[in-house]
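Remarks on the structure that follows.
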Amino acid sequence: MDRSVAPMKGPPADRRGSLFFSRSLGDHCVHMGVELEGLTPKAIPGQFFLIRERGVLDPLLGRPLALVASKGNVLEFLFRISGRGTARLASLPPGAALELRGPCGNGFPEPVGDELVLVAGTLGIAPFIGISSFSSEKVRITAVLGVPGKGWEKFVEWCLERFPGIRINSDDGSIGRHGDPVEDTLSFVGQGHEVWGCGPEAMLRGLGRVHEKGCEKLLVSLEKRMACGTGGCLGCSIRTGSGMKRVCVDGPVFEWREVFGGAHGK
Amino acid sequence: MESSLRTNVGGVNLETPVIVASGVWPMDPRLWPAGSMEGVGAVCSKGMTFEPREGNRGFRIMETYAGILNSIGLQNYGVEHFIAKELPLLDNSCRPVIVNIAFETLEDLRRILERLKVCRSMVGVVEMNVSCPNVSRGGLSWGVHTESLGNAVSMARQVWEGPLWVKLSPQVPSMGEFARLSQECGAQAVVVGNTWLGMAIDNDLERPFFENVFAGLSGPAIFPLALRAVWEAAGAVNIPVIGCGGIARPGDALSMILAGASAVEVGTALFIDSGLPASICRELEANLTKKGLASVRELVGRARNDQGENGEKSR
Amino acid sequence: MESSLRTNVGGVNLETPVIVASGVWPMDPRLWPAGSMEGVGAVCSKGMTFEPREGNRGFRIMETYAGILNSIGLQNYGVEHFIAKELPLLDNSCRPVIVNIAFETLEDLRRILERLKVCRSMVGVVEMNVSCPNVSRGGLSWGVHTESLGNAVSMARQVWEGPLWVKLSPQVPSMGEFARLSQECGAQAVVVGNTWLGMAIDNDLERPFFENVFAGLSGPAIFPLALRAVWEAAGAVNIPVIGCGGIARPGDALSMILAGASAVEVGTALFIDSGLPASICRELEANLTKKGLASVRELVGRARNDQGENGEKSR
Amino acid sequence: MDRSVAPMKGPPADRRGSLFFSRSLGDHCVHMGVELEGLTPKAIPGQFFLIRERGVLDPLLGRPLALVASKGNVLEFLFRISGRGTARLASLPPGAALELRGPCGNGFPEPVGDELVLVAGTLGIAPFIGISSFSSEKVRITAVLGVPGKGWEKFVEWCLERFPGIRINSDDGSIGRHGDPVEDTLSFVGQGHEVWGCGPEAMLRGLGRVHEKGCEKLLVSLEKRMACGTGGCLGCSIRTGSGMKRVCVDGPVFEWREVFGGAHGK
């Protein structure tokens, strides 16, 4: 994922692919590569694809997964096995026929300042992986991760390889610091830090407290059930301070204040 | 030479008999996935009400076996915004716009149609969604009682002079009867049909998954039911029938047409295959060539004939 | 300690609330796949008529998206053969036998029930299949008009003193109304429901795929529709509701029960998973343990309460 | 498939397996191996399995395929790509999760005499492959095959390896003899020959003419759409001289006279 290339901001397209590799990162988590037929689309961090098995109509819908990296014509993803569709994806052998719609969504814009803090709840790390390339440039990145704890060692190791200095927090204290990533973030952020968050809704809501620490810019990437991924079905609508928005095309990246700030609720 | 897929259905000319169903594709053509509009003869707009609506809270979409349940709740910005912002965009797409409208009272219906008159030239067809609740009948859908359906269609016919289609609810005791009633009250075509009433339970929370308890089932799962409904309706009316429900592969659209549909609407399948309209057109063209026919109009209802292709009596 | 899955539904004791639906599993227990009867509380026999019937010609089964259409045409050897050969075999399986009966005239219905009296002790329940055509009403199904349904159930109630269930047709204008009517006429439980009317077209031959044009849709595809029907029926009657339609995974059976079903029937899913009844029982037991409940009877209808598990108002 | 072992005649069971190998034999035809979890069932030639992909509900039904061979815990099948399910089977990569119900049906009984003639229309050869082991014993086997012609070379080669003396007939004359397998069979059979047929219905019906040549015993294996495979759904019923029969449990192997002989039709 090369930020120097002009990001593709046109509408997504349906693409044929096949499973290239699939590696378990512990019990609940898979690192997957998908080989595309045809041209590899340009995408920016935070954009996502709807991924489904080609040729079957049950499971039916594509599962939204953030793009992690793209090497040649292989797109990489990272996902948690959380239900029927992801369990099935995790069980497929290499060569299995897939279908991808994307790249969808707005993705993260270039950071405004030069101090970027990435806060991830478990798989929320996915859209941030591609951002690591910034570190070699003017932007200084601090990554913060929260995991439940036991059973997540392999996943944490994988994240550490990508973000060598990543701050690890675990609920049970078995890996890294005992505590949650929001508290950890609050312990060091301040004016001049731009904060991006991705993870469970409760975590993202809590992240709002960085405003009190003087952080002005706080962006969050949201998750909502999706059908079309193209802004048509209104299945992913949320109420925001500026009216109804669709996570798939108006997001998934929003200003924290827009979605959690007002009385409108989400 | 005229294109073999060109047709005229219920008052509107279509380059192809494949229509994007209401509520599934963005109103803003700039969001249409690359190539997805190839083969599309017309686009239905999202169900529009007189006042703006935020739609339902809670979950709105749930995957079922080869289908989805939806409970969007007619989220839309109301008729004024539609006319000012959305209709012009859709009109730019160079295809007839099928304006899908929903209403809770007859007064709403009248007001929407009056407003649409001001932009008559951009409205290809008014498609009445009669699956929405009739407030004066305790929220039962307009489309499931002959009296309320008759009143609504007759009123619309009086107010709206352009092409008028009625999109029937599958929750009717008899598809034939309700299609015939629509015809008698002035509909120029019937769309058969809308989503099928289903529901889901959240087993962990021990309550209905959707805020409104019931939700609409669409997608491949319902195709055999929708095909039957099309067969029944086409046997009961002289106006065109537009088949809608579960079309997932090109052959499904052909089946609908052979069963008596003059055109088809595709919805849920676009969520997984934006190239379906184009594939359907290729299938129809290949079928015409194989049979030496000149127009898709000649395919309509061919499976209803007593004689099979080989001259045998139908089974 | 009593098994937590034991229950009593509509006049019959069941070791588990999982019943094999009519028409899908062999009548001869020697043909039951190894292990497939584990967890099964009762078995429905294939729909039986007074006279033997050879069933329909042409194709009888067709796969649809996550479902199947069937047009078997009630192939069976008639009531005499059933009593002499099949019922004793089923009775040997040590489970209540739910005798599924079909009839074209009231006279047929009466004669079947009279004959079943002679083997009353082997008949756990009589399950009336009211989806079959009523010859005196031009072949429309018995179950879709209040008058014919009422007549049939009342007549059955007069003749048959044992447990009587009515297996409703989903093709009714209102599931609640027809369930209530069945209750009023003496049914001890309603089975909700049967197959959903669908069809298929043979695109090559340009005619309906099935000889009878329409066929019954079953399997996972219809689950959301059947669940909605169960919800409606359970809200309308005091007698038990037995959920049937599309159950494909253990959670589906749980959903049906939470929606108000006292037991479930599984059909099509057995074609692909003969271990489903056992899996359903395991799921139900785990659910009881998790909630600290003693009997599956306490799960019935829990999703209907106004309060969710956490005391919140239901959405 | 070892005929010396007592055939398993109990009811079929549902078994888990995975695709072990899949080899194309020309455009339309696949030789497939399925590795079973658990015990490998004993089966006899002519018995079949309903095979489906595990974990998806569309396609839904198992496809009936005759068992070709069984080596260790790998069952082999041979199938023609004829519709959606078989096309999908043919496209799966090794390791794909499968589900098998079987062994189903009656299978072929031991031949009565010592001259056995096997007549196959294309993939009708499948149930006969396991019978080749007879040739080393007292039974002399003659196999007859019919194929359309061009495009079937690879398939024919495969059959020749299993039945070195197989008589090849093709509709277009491009492979082996120009003509159909029934005519070829009639050209040499006579009293004392037991004939088994498997293939399209028209071919099987025509095969009845071997009776005129003095062959007494003629068995045919039928194909019908199936749902349960266990005798429950009555989807595979046929009208026979001895009443209604189910192809899945009363067959698929029937006496020719029972199914084609009378006025009852099939």
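As written, the chain order gives the labels A, B, C and D, with residue 1 at the start of each chain.
The rule is simple: a contact is a pair of C-beta atoms (placed from the backbone, for glycine too) under 8 Å apart; a residue touches a chain by one contact, two chains touch by 3 or more.
Treat the numbers as computed from the prediction; the structure is a model and nothing was measured.
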item	value
B-D or C-D - the one linked by more C-beta pairs in contact	C-D
Inter-chain centre distance, chain B versus chain C - centres from mean C-alpha coordinates, in Å	33
Cα-centroid distance, chain C relative to chain D, in whole angstrom	36
Approximate Å spacing (C-alpha centroids) for the pair chain A, chain D	51
Centre distance in Å when chain B and chain D are each reduced to the mean of their C-alpha atoms	46
Numbers and ranges of chain C residues touching at least 2 other chains	64-67, 219-220, 248
Sequence positions of chain A contacting 2 or more other chains	57-59
Pairwise touch network: line, ring, star, complete, or other	complete
Touching residues (chain side chain B, partner chain D) in the complex	65-66, 220
Chain C-touching residues of chain D, taken from the complex the two chains share	10-14, 52, 57-62, 85, 99, 101, 225-237, 239, 244, 249
Footprint of chain C on chain B - complex, ascending	57-58, 64-67, 69, 144, 172-173, 196-208, 210-211, 213-215, 217, 219-225, 227-228, 231, 246, 248, 251, 254-255, 258-259, 287, 302-303, 305, 308-310, 314-315
Chain B residues within the chain A interface of the complex	23-28, 30-36, 46, 54-55, 59-68, 70, 72, 75, 219-220, 248, 268, 270-275
Chain D residues touching chain B - in the complex, by the definition given at the top	57-58
